[in-house]
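Following this line, the structures themselves.
Next come two complexes built around chain A: one with chain B, the other with chain C.
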Partner chain A sequence: MESAEWGSRVLPSLGRLSRGPPFGRMQGQLGLSLSSHGLSPAPRSLANADPRRTAFLLHKQWTLYSVTPLYRFSSARLRAYARMLSAFIAAEKQKGLAVEVGVELDIKVAVSSLPDLRGTDQDQAAILVQLSLRSPISKKNSEDKLVWSGCFCSVFGDDLSEKIPPDFTCLPLFLTNGAESYTSIVGSWFQKNFDCSFRRLAISPLNLGWMAAMWTGCKMDILTSAIELVFSVPRLPQPLDISYAIHPEDAKALWDTIQKTPGEITQEEVDVFMDCLYAHFHRHFKIHLSATKLVKVSTAIASAHCDGIIKFLQSQYLTGVLMLLTELAICHIQ
Partner chain B sequence: MQRSQTSKTPKQPLQVHKHQTDLSAWQKGGRIDPEKSVQNHQSPNDQKNGSKPDSLEQALSFFEKLQDSVSLKKDHALQKHLTTVESIALQRGLPPEGFAILLNVALSGKFADTLNTHLLKSLVPASVIPENSVVSSVSWLCVGKCSGNVQLLFLKWLITMFDFIDHKEQIYALYGFFFSFLQDEKMCPYVCHLLYLLTRKENVKPFRIRRLLDLQAKMGMQSHLQALLSLYKIFCPELVTITLPGKVKTYFKNSEGPWKAAINAVRQRNKQNSPVPRLLFLGTVQLRSRKRKWNTQLIIPANSTNKNDLEEDREKNHVDLYRMNESFPVEQLQTFPQLLQNIHRLEFPSQMGSVLTNPLLLHYMNCIKDESVFLRLYYWMSQVLQEECTWCVADNYQHEEEFKDFLETVYKTECFLQEGFSSCEEFLYRSLPLWDGFSCRSQFLRLVSWIPLNSFSEMKSHLYDPLAQLFFTSSLYFKCSVLESLKELLCNWLNWHVIHLNSESGFQVHSLNTTLSGLVNTVAELVHFVGWISTVALRLENNTTFLLYFILDFYETVCDMYLGYNLPLLIMPPAGIFYPALLSMDSVSLNQLCYIMYRYRTNLVAAKENELSKQKILQFKFSRQTYQEYNQYVIAMVGCLWTSSVFQKDVHPRGLRMDDELLKKTAVQEFKTSFNIVYHPALMGYAVHFLQQAWPDDTTFNFSLIKGKKWNWYLEYLYAQGLKGLKVFIESSINRVSQASHSKAGSVKA
Partner chain C sequence: MSVVQPFDKLPIPNSAACLLVGSDEGLQQRLAEALLLEKKSFKISIHLATSLPLPSERDHLRPRIDLIVFMIDIKSKYSLENVEASLAYVDASFFLGKVCFLVTGVGRVNSCSVEISAVWKLGEAYCSPVLFCELELEGIRVATAQRLLRMLQICAGHITGVSALSFGLLMRNSDDN
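Let's turn to the complex of A and B:
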């Protein structure tokens, strides 16, 4: 039962166009396909997945991008890609200036496949790109320093992949950690070679509200950290953020009174939940939070910022959060 | 992140050295010259920022004419111009045209080494170095007139600036010349370095390998020789059998020489002066601006797929620099005959977005029915349109010009392909509710005209409703623009229909699952929409002639849909358009209306004949209502222009019929005759002129004189004034039994 909260999400109308190319998906199918999986913190398809292999995602800030399907990407050539990417990075860093020939490239690139990071078998295995600085003195035992990582993944993204010809690889969600200059180089390389496009995946206040409600409802063994919502007041000369922290048990109690059907969340319920929190806040501080913009949601599960930054905190809910993000990314590219 | 120049200027194509990257630098030296645009973009900057733009020109022309040996110390003019060149070069770099001149002076051997060295040291490019300037320098080098020091300095310069040379094909052709310089002991390390940059597989020859081995035997293990040999070994492992040390820390000494600081300074400076980075100062925009540098290139150069690199066979133990398969690189595609000759071995570029600016590839695209081609383009374009839309994304407004250009390019591509993009259609629907009707107006409205004909139910909510809101609340000019693009939209749909009708047999199902009835419904919906907004607009704008012109222009297409486009649909204009046009004060509108009514008649008569002649039951026929509507209108027109009976016979509910009692109250004498080709307000001016010419002495303006034979003369006069529409209408719709006798309306029998 504890898993039920991850269940079907009856999506609010995002004003998305349901038509378009033949592979465009319909709004209705989206809700349907999610509910049919009956998601749990550790979905059955990943029952034998090793959480240690995806643990690198936890407790780090990831910047989110959506990526259109990669054209003629082959997971059998990851080593070749790594070699080419590393040459590309070296060239980009030296661009325009003749370089000393024969110097060892200082950035090491590793491209690897992460079969553990996906929702169903229809999902492509995630691709992890890691850049590390070679240690200055080439000692055998000194560790290379990881400076940037990027992860292409798709968790229950079969709505998109089903409708696309086999020449394309659907990994609509791209997470990066590290300097943006590397993101740009790696991104350009992928753009040039696989004819894909990247866009920053901003999270709308509406979706942040969803996250707040969904994550509040998750049952945790230890409920320690507070649920924090950060609101930003628009149109002020100085930026003003309001942080609203709620004890997780109180928030969960509130949510439990609102949610009618376990395993299903509706937009209406999310609205009621947020309105209750707003009303409570107004009673104490006489501030209408509904007039502000929700910019950040932090819970014990994960924290998400509207600029498209996420931090995963619980490995058991990693897939669930990634599924939500995959869904947002798919919406973003269609 | 401070690397790329501006988002407007195309990035310098990556001309990196082969060991560094995908070993495909050679592919990029083709005729396509994206650097040219860099030049073009930068020259205005140079002008603006240069303290004394003229002085550099003067200096260059001075050096161009410099003939005899001069002494730097004594010649003040020389000193002055040299200082100018040096200071400008170090500040903002030299323009491409300067290199040939200065290299010519420095390497000719005519002048003192001090001058030559000064000049070579100041050869810092602002954008690119033309290939031919380098080629001519090499010929100087071969003549051997300049001193060893200058030769060395030139080689160092060439190595450092290698990436700035705009093309390299001719330089590659000079490989043998460079190779011959190896024998010079001093130059050898630098020549090796240069050869290292130039070597391609075809250059690796047994005699060269022998020569290198000889040199190595003579000079000992030199890192620069090893570098070249190891490169040769990579290309042709079967030819180079000696073992070389695996990892060498540095093959070549740092040969950046005196230019590195200057190049960086110039680059820094050019970047500051370029239009985009100033946005970086605007705090909040920073995130977006940074994004722009890598993420959204609106104009992409066409590059071949790095097929060999991407799909390189891991089994091979050498890198295949040569394209072993037969595909024709898109960079080399320059002419239409080339396209025809190579069409079977052409591949689309690595980024489909680049086809937009490449007509040859668009031709190719027209021939290729590959879903993935359109899918790649679809994804790319929808991302760019969403990301760059200046009114959908906050803070994007600075890039309006750029976005305008992009929309323009998309529109031109659609015209070229005669086909709308679905990504563009989605963009229109998505962004229309947010559009202010002002930014990128003409581009946006032109794109509307290419909305594909494949959806019926959603046009209303996605296009018509939001467009109507803008339409009613915007200026007269905007209204006219909207009408114009909706006319284009109608024409495009009709053309599409005709083409598909011809390509598929008869009234069959169309390729986009649109049945003929679906198509008829969609077109009817559009025509009704335009009828509605036009009616409202005429009232809002007080029946302005300008607006009426655009409305009637639309109906010029509508009235001919049956004969012109084989579409079984005719829709009469609503009364709110017909009567204002009929009673217009302007002869242009009246003439246009006459022409339209004539075409309606022709179409309806043809449809009727078709219906009668064909035995089989047609799937579509015009309803009685259309004929009735036409007849009502034509009666009103004949009454208004010919029989002077407009107030009696017009039975249209919104028509002109009035009771005699009411008409008497107007106190107009002879109201019955007050509407005909003489008295109609749009034509009265002609009648006055006619009277003046026919009865020059009569100043009473007795219009009643125009009757009988004179009436016919007047008619001829009107036709001669260019009222062709009136002519065809009267000739077709009015049965003139005999001259001056009563005529009757030739209405089409329903």
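Let's turn to the complex of A and C:
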């Protein structure tokens, strides 16, 4: 897609706040981190990509991390990395940090490259790490059981990849599915070998509201599931969660009346959309949702939780959602 | 009179009054306590309100308000809406340096529900400084209390040679740099 078609970029958000007052007006202003272009189906460059190869991402719960650029990572040495990683995992097990006890289990590591999972050609091809269980009890020809997957990717991450020196590989978004213990082992191996650092990518309520508006506005042939927003009410003796479900056609009709330019979304439009939903709720239940914290957004396209957990539900908009997450990851690193 | 006026009452010698307006009462309480703990050479009275207008029944008991601090919690959009609604009940001459916006909860970026550029725009529209703080951290709470106390001293006219208006302009000019 031509870069001229994208809307203007909204100011990037600030990573951390508690140190010093860097609340400058122009650079580093704390605000929305997502750019204002809307979500569109996969761009032309990926039209030839095989959706079956990226289908493994769908319908699974992925935990999000942001990764700083990897030093001297070469996509030609993936098999060597797989060998080294499996040796590392075996060594960790010897040390008693094993995740399974009892049966002697063999973890097989596969590291592969996914050239389909990227935005432009400037992006690095995604790297997929898979840990499977090879138990000696199972038959020789039976399939190994996949226990953990991790995917490094960068979709339209030009912002960061342009600025870094050539020895570094830029893959800011890391998605994991599987036990947390494996995530920490794999993460520490990558940290030791490529001098990168992983941080859990949390999504703020502001960005979740943005995602809700963006995903509601997507054109879908069949609108299957409702738009669901979950709010957590602060400072109560017992924790209270409010779940607000909206019929997808109503939500889309509301968004269509608000959005002025198709393909472009502004912060004002997102605010108006959310305010309308809050006002409707207040009229019926006399509860101000704007005083609560938005923790989860579920639509037919994807569902996102503020702790940094995402579930992709549509292959058509997969790239778009990954692009949003890459942007969040990049802002998180900076 | 439902609108808060800056000069409708006579000042009390060697004392100053500050009004904190914000939807979160717990935070207001903590800030007020921090203000009272500070060493000062004048008497201070702090009034807390969740929103304006103030009830008119007790108007005659209230002293002249020298500084209004509007507290906005970054985790709650409702607090911003509350402040925006309350601004209508403040007399225009208050905005010559006697109003300040205090944004709290900035230590928690991941719970941010308010867009900061909206707060900056509010500060610019009302010609008032915007301060950021995190009242859950004691060091910052004490520092914020000291800042507000200084501003209160200036707004009450206790510092000779510096008026509220000139100080407000000074803060705005330093922001722009």
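By definition in this document, the second predicted complex is superposed on the first by the 283 of 334 C-alpha atoms of A that agree within 3 Å, B and C clash if a C-alpha of one lies under 4 Å from a C-alpha of the other, contacts with A are read in each partner's own complex, and residues count from 1 in each chain.
The rule is short, and it goes like this: a contact is a pair of C-beta atoms (placed from the backbone, for glycine too) under 8 Å apart; a residue touches a chain by one contact, two chains touch by 3 or more.
Values in this document were obtained by computation on a predicted structure and should not be read as measured data.
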Practice task
Please work out whether A:Arg72 is in contact with chain B alone, chain C alone, both, or neither, and reply first, second, both or neither.
Solution key: first
Exercise for the section: Could you say whether A:Arg134 touches chain B, chain C, both of them, or neither, answering first, second, both or neither? Expected result: neither
Handout entry: Partner chain in contact with A:His288 - chain B first, chain C second, else both or neither
Key = second
Handout entry: Touched partner set for A:Lys311, first chain B, second chain C, both or neither
Key = neither
Handout entry: Broader residue contact with chain A after superposition on the shared chain, chain B or chain C
Key = B
Exercise for the section: State whether A:Phe88 touches chain B only (first), chain C only (second), both chains, or neither. Expected result: first
Practice task
Would you check which partner chain A:His280 touches, where first means chain B only, second means chain C only, and both and neither mean what they say?
Solution key: neither
Handout entry: chain A residues contacted in one complex by chain B, in the other by chain C
Key = 17, 21, 23
Problem - Residue ranges of chain B in contact with chain A within the complex - result: 1, 3, 12, 14, 16-17, 19-22, 159-164, 193, 196-197, 223, 227, 247-252, 254-256, 260, 263, 267, 287, 290-291, 293-295, 303, 305-306, 309-312, 314, 350-353, 371-372, 374-376, 378-380, 382-384, 386-387, 422-423, 425-426, 429-430, 455, 458, 462
Exercise for the section: Going by the contact rule at the top, pick out the chain A residues touching chain C in the complex. Expected result: 11, 13-18, 21, 23, 25, 29-32, 202-206, 209, 234-235, 267, 271, 288, 290-294, 306
Fill in the blank from the handout: Interface with chain A, chain C side, in the complex: residues 23, 26, 75-79, 81, 106-117, 120, 132, 134, 137, 175-176
Practice task
Name, in rising order, each residue of chain A that touches chain B in their complex.
Solution key: 17, 19-21, 23, 68-69, 71-72, 74, 77, 79-81, 84, 87-88, 90-92, 94-104, 164-165, 167-168, 180-181, 183-185, 187-188, 191-193, 195-200, 307, 333-334
